[in-house]
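Here is the structure we will look at, set down as structure tokens.
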């Protein structure tokens, strides 16, 4: 079958790149956005670091939980020997005060914990939020009212206090898993609200009406027609949720109810640093800079996604 | 209007009731027997039973819950006979740690938290909105770009990092301010200010960055509205166009967020208080959680939830006052 | 004497992809007490022209000359132009709801300009605003002055906009598609109102529209614009009696008529050209059914009798006839 010939007028005014899928368009926009590329590069760096943690620590020869009493000064209550928290050719980022554990090794292993927990918690929040938001928006009526009320309710909880309280009373178990679910539990309503709103507008759009008119099943409509259109806002919001969760995990660990020792996370390192920051500022700068960079990178990427997915073009 | 208010207050009460129930479940169902903890080392079965009775723990759970609720509004007494202890309105029980009424404990800590929260809020509101509005008006200029990169970085800094860095630079190296501690404002207003400057700045840096981004986005959108063009077409000076016509509409979303943030902060600036060692509600929460002091944790959680929901209500009412299109429905 | 004289107006917008010339060498005059209708499709540069007269272009480069009641607007000091805005020249817009500030009472919005330009007291300005609301036909003006824009219907909102424009007794009223967003029945009322106000106050009116029907109702003179240029300029009577440019004829052909024999409506094929890369020669030639070779290479001048039009056919006819 031959395509119908283009009329001269249409050929003259057709400036839209034909045959380009919206996702490729977005990819093209992202490639030209320096902020997005910078964000992506930083994220890639930290992810690689987390994956290669055993390799990296093999390289410097110190496990994350090896004590090095020779590196700390007992007379100074355990402050690291040497300038800048004991940085030297052997201990690239110095040692932990009090124990002499290698800061670099703890940092790369901490990256594993911080990234894993925050990404997993975002995943939980995104899945739950999308499913419930979609259900509320598509079912409408009482189901919608019920789900919306629950979302409002969860949002009016003093979240940090409840997270601390919940984690502290949960039975002993896998602390990382507990953190993921507690953070996911308080995170889903944000995404749920957005998905519900989007679903409500999509529900009455022509292509959904058309699908309904052809007798398509409800579930099929949801999966074939509605869900693909929710992908963009969900992706943007999920990307912007990751840095928030990194911060929350760090805050919880900072308050002493995050990962259990001897596991390290950036927040846990921060929490140790508070007792030492006046003597050994290097020790809080390392995890602080890691947190700053990852949060910044995810925010840049999320913003770039939003701008790139904005059908109005350049955005801003 | 009155109907709307009544409905809203009913809603507020409903939310608090649910939060109360959830908190109650979390703290009274999960953990180990609080009476056992209160009983101490030389615990005998008789003494434990007595404590159970004294604390009302021998009653069915739902009764304990209703007792708790009634106590909040009417006060209650614990135990019976000569050992009965009267707990006056608003009764949230007694701390397991020191037997102080929870309400009194919280009221002791509240001034610190309010001092931190309100001071920081003023700082970040003024700072953030100024930066955001200037940025919006000079959109795409070098100044705009610089400020937006700055706010993005500032918003990505963890609060404890900022707090420690500020302390090292300003207090330790600069010697400009004392290490933070809390001095009541009535006793020594200057000391109060000096001690709180760093917590204020640390919190404000974080929030101001978010407010700058929010108000910039909102102002950029507003200044592109047709009614702004109308205002210019009237011949109004640009200053009036911005301040009277632009800010009025552009800052309404900022107000919503501000109310919510302030409300949440009054429930305890947990991390800030913890880093600077300020004895506010946040510190009280952490201490109580670490010591399994359930009545106090529950009290603080309820108070914090109250602040959040109440702030929500106030914001909605203000919104209706500012924007006549918002109907009470 | 003409109140507004526009000479060789050029308005350009720098964009990342190049400079867009939205208005390209436009000249016209508007006399006191007369209505000039500027007609064209969206993107023809008619709204850009009106904003240039108001001095409301922020990022555009404006050149040529706009003489408003003896004051040159192009290149003038911002403050000087601002003092003219709302005072000597006022403007009403297409969408009255979004053009009114949602948070202020309409009385206040009308009074604002009066207080600014005339230094009127709050009370005097308010009284005047109520009087204006009555003039534009809003019932119970005393009460309605205290209402907000969203409490009015579409037509009533446009009346409020007109009252606001009249607040400082301007000499020139620019109406940019004032009826496009309104119901058909309301459109007629608003056009009547504008015509009545013009008669009563001796205003000059610049009516910007895409709708020749609107022009037929209110305009004394007509300027047809295409791709930033004038393609035909005539009195309304002349234009409707004998349109000379194929584009004008096309516009008339796509206009439904109540009188005369029922015929088919013939739309103009295609869409207006991109102003970023306008076609060579006559900008209308890709859509023109009567084009000849020279149209693709040479830009026609606006000339000829009985009224000027920019089309090569006209000059060729003349040569053939002469």
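Here the chain labels run A, B and C in written order, and each chain numbers its own residues starting at 1.
The rule is simple: a contact is a pair of C-beta atoms (placed from the backbone, for glycine too) under 8 Å apart; a residue touches a chain by one contact, two chains touch by 3 or more.
Fair warning: this is a prediction, and the values are worked out from it, not measured in the lab.
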Using the stated contact rule, I'd like to know whether B-C or A-B comes out ahead in C-beta pair count. A-B
Taking each chain's centre as the mean of its CA atoms, the one lying farthest from the centre of chain B is chain C
Interchain centroid distance [CA atoms averaged], chain A/chain C, Å: 52
In whole angstrom, the CA-centroid distance of chain B from chain C equals 55
Rounded Å distance, chain A centre to chain B centre (Cα mean): 25
Quick check: what residues of chain C touch more than one other chain, meaning two or more? none
What residues on chain C touch chain B, complex-wise? 54, 56, 82-87, 90-91, 93, 95, 98-104, 112-113, 116-117, 148, 150, 161, 164, 167
Contact set on chain B toward chain A in their complex: 15, 18-19, 22-23, 26-27, 30-31, 140, 152-153, 155-158, 160-161, 164-165, 167-168, 172, 220, 264, 267-268, 270-271, 274-275, 285-286, 289-290, 292, 297, 300-301, 304-305, 307-309, 312
Can you list the residues on chain B that touch chain C in the complex? 225-227, 229-237, 240, 245, 248-249, 322-325
Note which residues of chain A are touching chain B in the complex, please. 152-153, 156-158, 160-162, 164-166, 168-171, 243, 247, 250-251, 254-257, 270, 273-274, 277-278, 281, 284-285, 288, 291-292, 295-296, 299-300, 316
